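Which chain is which? They are A, B and C, in the order written, and residues in each are numbered from 1.
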Amino acid sequence: MPETTADDQDTLELDIEGWEGPLDLLLALARTQKVDLREISILELVEQYLGYVENARALKLEVAADYLVMAAWLAFLKSSLLLPRDPEVEPSPEELAMRLQLRLERLNAMREAAARLMARDRMGRDIFPRGAPEGLRTVRTARWQAEIYDLISAYGRVSARTRPVLHVVAQRPVMTLETAIRRVESMLGERIDWAMLASFLPDVADPGFRKSALASSFLAALELARQGKVELRQQSAFAPLYLKARQ
Amino acid sequence: MTPPDETMRAVEALLFAAEAPMTIAEIRGHIGDADIRAALDALAEDYAPRGIHLVRRENRWHFETAGDLAHYLRRDREEPRKLSRAATETLAIIAYHEPVTRAEIESIRGVQISKGTLDVLMEAGWVRPAGRRELPGRPLQYATTPGFLDHFGLASRRDLPGIDDLRAAGLLDPVDLVMEQASMGSDDDEVESCNNNG
Amino acid sequence: MTPPDETMRAVEALLFAAEAPMTIAEIRGHIGDADIRAALDALAEDYAPRGIHLVRRENRWHFETAGDLAHYLRRDREEPRKLSRAATETLAIIAYHEPVTRAEIESIRGVQISKGTLDVLMEAGWVRPAGRRELPGRPLQYATTPGFLDHFGLASRRDLPGIDDLRAAGLLDPVDLVMEQASMGSDDDEVESCNNNG
């Protein structure tokens, strides 16, 4: 049983540190009665507890609230057990007493289980695993996967990419500068008089291609003029541009 | 003791070299199709009288030193962490009741558990969160780990000291929190702390 | 093999748990006065036919796994990995044109192939070197293997669909081509991703 200790000159404190709460104290008191908790007298236990707390209060000790709550409940339990039974009240005082006893048994059982657990041969203290295991290695290798569809569609892709069958590039609505130079140059050779740039453009409907042909032909005219193969004439800014082969 | 066959030798070498206990499936992954279980049983028998034992923990196997030789092997100053009484009791409650909520642990011990107690047990690798209880507030449950069995040299939870007797005595029945609260005044806080938990 | 005595069991456990090989003096430091040397010799004999051996290096003793079992300690794990586009195309070209040189594959693909691509196909067991072409530089030729036919469920290479079949199946669709050209630039990356893959 914990003792009361003189702390300093005036205040005395119940050595509450020794108990982990009212249930712990109850269990300790019960075990002073009997080792087998199933045989303890609950009334006697209540007396012991109340006496203990009363004693502490008589000594003007600070007693924690939960100890007092337990004391009040036990006092109630005690009077219920002693007074004539009221069958209306559920649960009955006997059942409450039995439950209290079960709680004490349960706590006691876990306390003993903990002690037995801690007393076992323990890894790292009594039992040791291999000190320097070589370790196991996992070597990962790839299992390559591909389906027949992947294979033939890949071949289709490669073929489509490289086979000349598909004139996709020729369909692009663009006239290159080289084409325009060749075209304007050859057309100039067939003409004697001044001719508008527009008359050198191919007769196609695609406006995108017309735009490209116009731009390229204009550059071709400038390039041919630089080479001294053509003369250019324009009345004013944005007026039609005329070309004529240089003799 | 018969001379070991190839499978026994391979299992022996494998468990010896392994850094952690292995399942039969893991062993088979290295050794291929063979009667691994028979080899393990034969090895366990071979090693029974020796200074090293082949031991099963749940479904994993490993070698470890024999318990009766502890006094030769104990390492100076290397005591495993000293646990508080609160921590050891909490560990026992979890092990014998798992999965168990914090409120149930507190109800059995009759006091709140301080914040650090469960942390210490989880840090030691003995306790893990084990899902939530389908109750109002969905409190977190706790259970033990394979590392717990390992550390305390238990083949499984059925091996816990006295667990059958305790169960037979009704001392491992589920904790009836509502009834406990009705019978003891101080339990309100515990329920509170359970709901705030996790 | 006689049952081990206490000294043998203690030495056995001690060396098992040791983090480094131990001298007889170190062993004696744990076990006390006993004929350590005799115990070591008896243990070495006991373990000779087993998967673990007791070995002496210089004047230190330790356990190690038997050398002939080393191959069990590594485990080969196969992981499925999808063939990269570059590798699939290369494989397709080899299948349709074999035997074919690397230069020819590149010419047909219109893109260079990295060294790793042919290695992957050979590792997969689908492509093999198939002699040298009688040309200046005697370039190596590649062809498919029986494993290739097996994997793709082909009785022979003649079962591969022809160009007309591909066109009919829409696999020469110009739409594909446009997308193809848009993504051509990323071809090198594929080789990269193939290596990093899985």
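For this structure, a couple of remarks:
Convention: a residue touches a chain if its C-beta (ideal position, glycine included) is under 8 Å from a C-beta of that chain, and two chains touch if they have at least 3 such contacts.
Quantities reported herein were computed from a predicted structural model and do not represent experimental measurements.
The chain with its Cα centroid farthest from the Cα centroid of chain B is C. Put simply, the chain nearest the middle, going by average C-alpha positions, is A. Averaged C-alpha coordinates give centres for chain A and chain B that are 29 Å from one another.
Separating the centre of chain B from that of chain C, both taken as means of CA atoms, is a distance of 39 Å.
Per-chain Cα centroids separate chain A from chain C by 33 Å. Under the contact definition stated at the top, the residues of chain A that touch 2 or more other chains are 128-130, 134, 136. For chain C, residues that reach two or more other chains under the stated contact definition are 13, 16-17, 65, 73-75, 77. By the touch criterion stated above, chain B contacts chain C in their complex at residues 1, 3-4, 8-14, 16-17, 29-31, 49-52, 63, 65-66, 69, 72-73. Those residues of chain A lying in contact with chain B across their complex are 20-24, 66, 69-70, 72-73, 91, 96, 99-100, 102-103, 105-107, 109-118, 120-130, 133-136. Across the interface of their complex, chain A is touched by residues 14, 16-19, 30, 62-67, 70, 73-74, 78-80, 83, 85-86, 88-89, 91-93, 95-96, 108-111, 150-154, 160-162, 166, 169-171, 179-180, 182-186 of chain B. Of all the residues in chain A, the ones that touch chain C in their complex are 128-132, 134, 136-148, 150-163, 166, 168.
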